[in-house]
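Across the two complexes that follow, chain A remains constant while its partner is chain B and subsequently chain C.
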Partner chain A sequence: MTTAVAASRALPATRRVELRKPLPTWKVWLVRAFAVALFAIFWEAGANLADSLLIPTFSSTMVALWETTFVTGEIWGPLAISNLSFLLGYPIAVIVAVPLGLAMARWKRFDKAFSPIVAVSLALPIAPLIPVVLIAMGLGITPRIFIIFLFAWVFIATNVRAGVRAVDKPLIEMASSFGASERVIWWKILIPGATPAIMTGLRTGLGRAFAGMVIVELIMLPVGIGALMLDYRGFFQADLLYATTIAVVIEAVVLAMLMQRLERRLLKWK
Partner chain B sequence: MTAVAPTRPKPVGVIGPSKGVSTFFETTSSWWGILALLLIWEIAGQVADLVWLPPVTEVIATLWQLFVDGVIQPHLGASLWSLFVGFSVSLVVGLIVGTLMGLSTTINSALDIFVNAMLFTPALIFAPILFAVFGLSDVTRISVVVLYAMFIIIINTAEGVRNVDDPLLDMAASFGASRWTAVRRIILPSAYPLIIAGLRLGAGRAVKGMINGEMFIALIGLGGLSASYGKSLQFPEVWAMALFIMIVAIIINQGVSIIERKLTAWYD
Partner chain C sequence: MISIKDVSHRYTAKGREETVALSNVNLEIEDNEFVTIIGPSGCGKTTLMRAVGGLVQPTEGEITIDGQRVTGPHQQAAVVFQNFALLPWASILDNVAFGLELQGMGKADRIAKAEQYIKRVGLSGFERKYPRELSGGMQQRVGLARALAVETPILLMDEPFGALDQQTRRYMQEELIQIWEGDRRTVIFVTHDMEEAVLLGDKVVLMSARPGKIEEVIDVDIARPRDPEAVERSEVFAEKKEYLWRRLREMYQVTA
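Take a look at the complex of A and B:
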């Protein structure tokens, strides 16, 4: 008995540092709601304290968000203009980059021919070159589509290439020694094996394409949502400026969530 | 005691592989390909005689001239300063917040919505607000850098801290380690590779934030200089600045990977 007590005194049984102490779901949401409420209160109080034309309160920003989406509908036109170029540019990037990445992974000659272009495209900053694209392609929607394409394609291609290359080499050799045709190798081995990496590429590319849409409108070619924000800033309509920013954040989050859902479904199906 | 520390697989960045300018050297199987590209550019520039595509020799000469005239140097200094300050802020805040989020499920569930939303959102969207509030001061540019770099550092740090092996924590507890000792001696060292990966991704994003933020303000820094050339359609200068920014980004990236290799050499 005494030894046991002594031992426990020498090594006080400290509780293990619990890292993954799971919170019940209702508690997680309670904490989240509390955090959001705290954020809103701090914003409201800070804005009242600052009393600046450029810092609207949380409540007035929310009112502006409600009005611009449901009452005046001011945001939808510019949002549609911006998204049109995004909805064209991103699929084009996918259609070009996925086959390119696959081909680069499978055939050495393709890889040799395109790897300098890929390397340069990974390193070359696109934003400073936007004026070049604008002068080369005019002021319509084409240059914006092209810039969004430029933002996205290389990340898709490199991820697809890496994914296919990571597929087990012996597996492919075995299949072809058992007489599997190139087609079978593609559909049964390469593409299923590379799907996670391809999805990573598509997700990264989506983020890049969306960033491209925002960047081109904010720094060089004010149209769509970028022009709207710059107007609000110019006319000191701070509540609408903040509300529009929040709307774009919401769109980015919704896009990311949709992509995640698609990814989960595809991986399950596989 | 024959037990050997379990070999851990080398963790990678949480958000995809660390694609960035780092791959520039890795994917360039030979310099001949790059040389061929430059040659094609030169010939196309000479033959096509397009205003927006000056030949590469003219671009390089322009870049040289910008240096000789001392045009670039002050802007380079301004850029690197905002990058340094912005990245330092991201580093300190990111490590602290990330560690707290990894240690506490309550803090994690309070902040994860905000952090993830900020990671998905192109941070330049906040530039008009920042510009409205802070005006032309350095704070605007530095804030853009922070918004670009901080959240990936937070997420990787939290992920690293959260994924510490259970047996290690059990051992720490059975040896009577206090919470603080466990964090310092067990959790942070074992989260270290993911943290470093986060810092590396953060550095790449910080450079992007620096250029994009400067281009938005269009006044100062390398991005500001190239934006003003772009607006006045001086294409040799535009290409020269793009080339120079690329070189700066590659140098920073190589520097970061050397530091990364030094910092993780003892691990494994």
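Take a look at the complex of A and C:
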């Protein structure tokens, strides 16, 4: 029998679909390092070739980054000023938008009242509003906080609303069958059930708030990191300009990673 | 004792026609009796069960439990849902303890009690798992343990095995018989499976969709404790099943 099996011809196989296989961690990091190295090499070569005062090489940018952070420490002051408005604006957006999203999901009246504003805010680019806000609010920290708020709130509110509405109705019925009050349904069913969407909203909102922070300083209200970048541009300090940009990108990535970590922790059950 | 007197229920949704889900339903269920309800889909089985649980308030008539009127969700009944209705973010232990938590039982006590019922449904060792890590049959055991754990005198089960494959369902039926015979409660069990109705029930309530009426209450005089295999081979079983099938077929011919 076995020989017969061995001798038999193979059935022509159709192509097999290969699912994406997970890579081991060390390989992931190796691949990432490789991508960064490749990017650095192209940059270095390109900058040398262009030989322009306005395009620094990768290596000079890295040196400038080192200097501005650890030698002169020039970046920290402006970075702190920028982040202060971010650290106020983003939490305010969260504090306002999360309850608003929850209320819109549960009570028709809220939904009807706010849905036009939400729809407009979703469609509207915020940047053109910056001059209006500045005229109305002056040049202090308040307009910057407000603009960061404007950048972030609608994405948080819509995600929270969608998340609560997507919670399985039978779970609510189950909880009521065990005698749950409205309050218990909120804390035990709706909020945990909406947590994935709430986290998506918070993450998207965080990115938007950060973008808002930089944009307002760059285009209308030169303070903080934006002002620093504009100065470097004015004095043709391209290496420092690039280094500052990279520092901002690094901060954004770190924030996103912290958020992701929080999300993983909250959503272990997924 | 549960007594359902002249109960009618109409669903009214804005902009839509009324649906009569129950009309003049009368039924008495003794303590510790296992009643199965069968009937074509849409005949009001779920509505009747929800009314007993206080999850809907019938538009007419009244339901009393030991003489007290049902006016809302109450502590006399616990529900097992067709789609399990487990909290995906909570461990099996927390899911089973959910009803106890809502009753305000302290943490240590409710964990002890939940563990006891997890053991009873044969899920020891799975306490720390999440629902998605369990098969359908195991998930419904969690649902069953959660309902048993609050130790209400009444269990309401709405097609609890309807979402399971045939073998799993069969196995769960045997387990339910065993659990129930060791820990009797009043059970109202909705099903669309004739064999299940006869195998489990002391009484089978046959409902029809014209609309939401009880057609007949059939006594299943098979002794307890029941040995499922012996029951299935018995003549009474075959006879009752035949009879149910005939009645249900008549109903389809009326409506079709």
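Things worth noting here:
By definition in this document, the second predicted complex is superposed on the first by the 233 of 270 C-alpha atoms of A that agree within 3 Å, B and C clash if a C-alpha of one lies under 4 Å from a C-alpha of the other, contacts with A are read in each partner's own complex, and residues count from 1 in each chain.
As a working rule, a residue touches a chain if its C-beta (ideal position, glycine included) is under 8 Å from a C-beta of that chain, and two chains touch if they have at least 3 such contacts.
Remember, predicted model here, so these are calculated numbers, not experimental data.
Judged by the touch definition given at the top, the superposed model places A:80 against neither chain B nor chain C.
When the two complexes are overlaid on their common chain A, residue A:166 makes contact with neither chain B nor chain C.
In the superposition on chain A, contact of A:233 is made with chain B only, not with chain C. By the touch criterion stated above, A:204 is placed in contact with chain B alone, chain C being left untouched. Judged by the touch definition given at the top, the superposed model places A:252 against chain B, while chain C stays out of reach. More residues of chain A are in touch with B than with the other of chain B and chain C.
Looking at the shared chain after the overlay, A:71 reaches neither chain B nor chain C. In the superposition on chain A, A:41 makes contact with neither chain B nor chain C. In the superposition on chain A, no contact is made by A:139 with either chain B or chain C. Interface residues of chain A facing chain C in the complex, by the touch rule stated above, are 168, 170-171, 173-180, 184, 188-189, 192-193, 195, 267, 269. Residues 16-17, 19-21, 23-24, 27-29, 33-34, 36-37, 50-53, 102-103, 105-106, 109-111, 113-114, 116-118, 120-122, 124-129, 131-133, 161-162, 164, 169-170, 172-179, 182-183, 187, 208, 211-212, 215-216, 218, 223, 226-227, 229-231, 233, 235, 238-239, 241-242, 245-246, 249-250 of chain B touch chain A in their complex. Chain contact summary for the complex, chain A toward chain B: residues 11-17, 19-23, 27-28, 31-32, 34-36, 39, 52, 54-55, 111-112, 115-120, 122-125, 127-132, 135-136, 155, 158-159, 162, 200, 203-204, 207, 210-211, 214-215, 218-220, 229-230, 232-233, 238, 241-242, 245, 248-249, 252-253, 255-256. Across the complex, chain C meets chain A through its residues 53, 55, 73-75, 77-79, 81, 83, 85, 87-90, 98-99, 102-103, 130, 132, 150.
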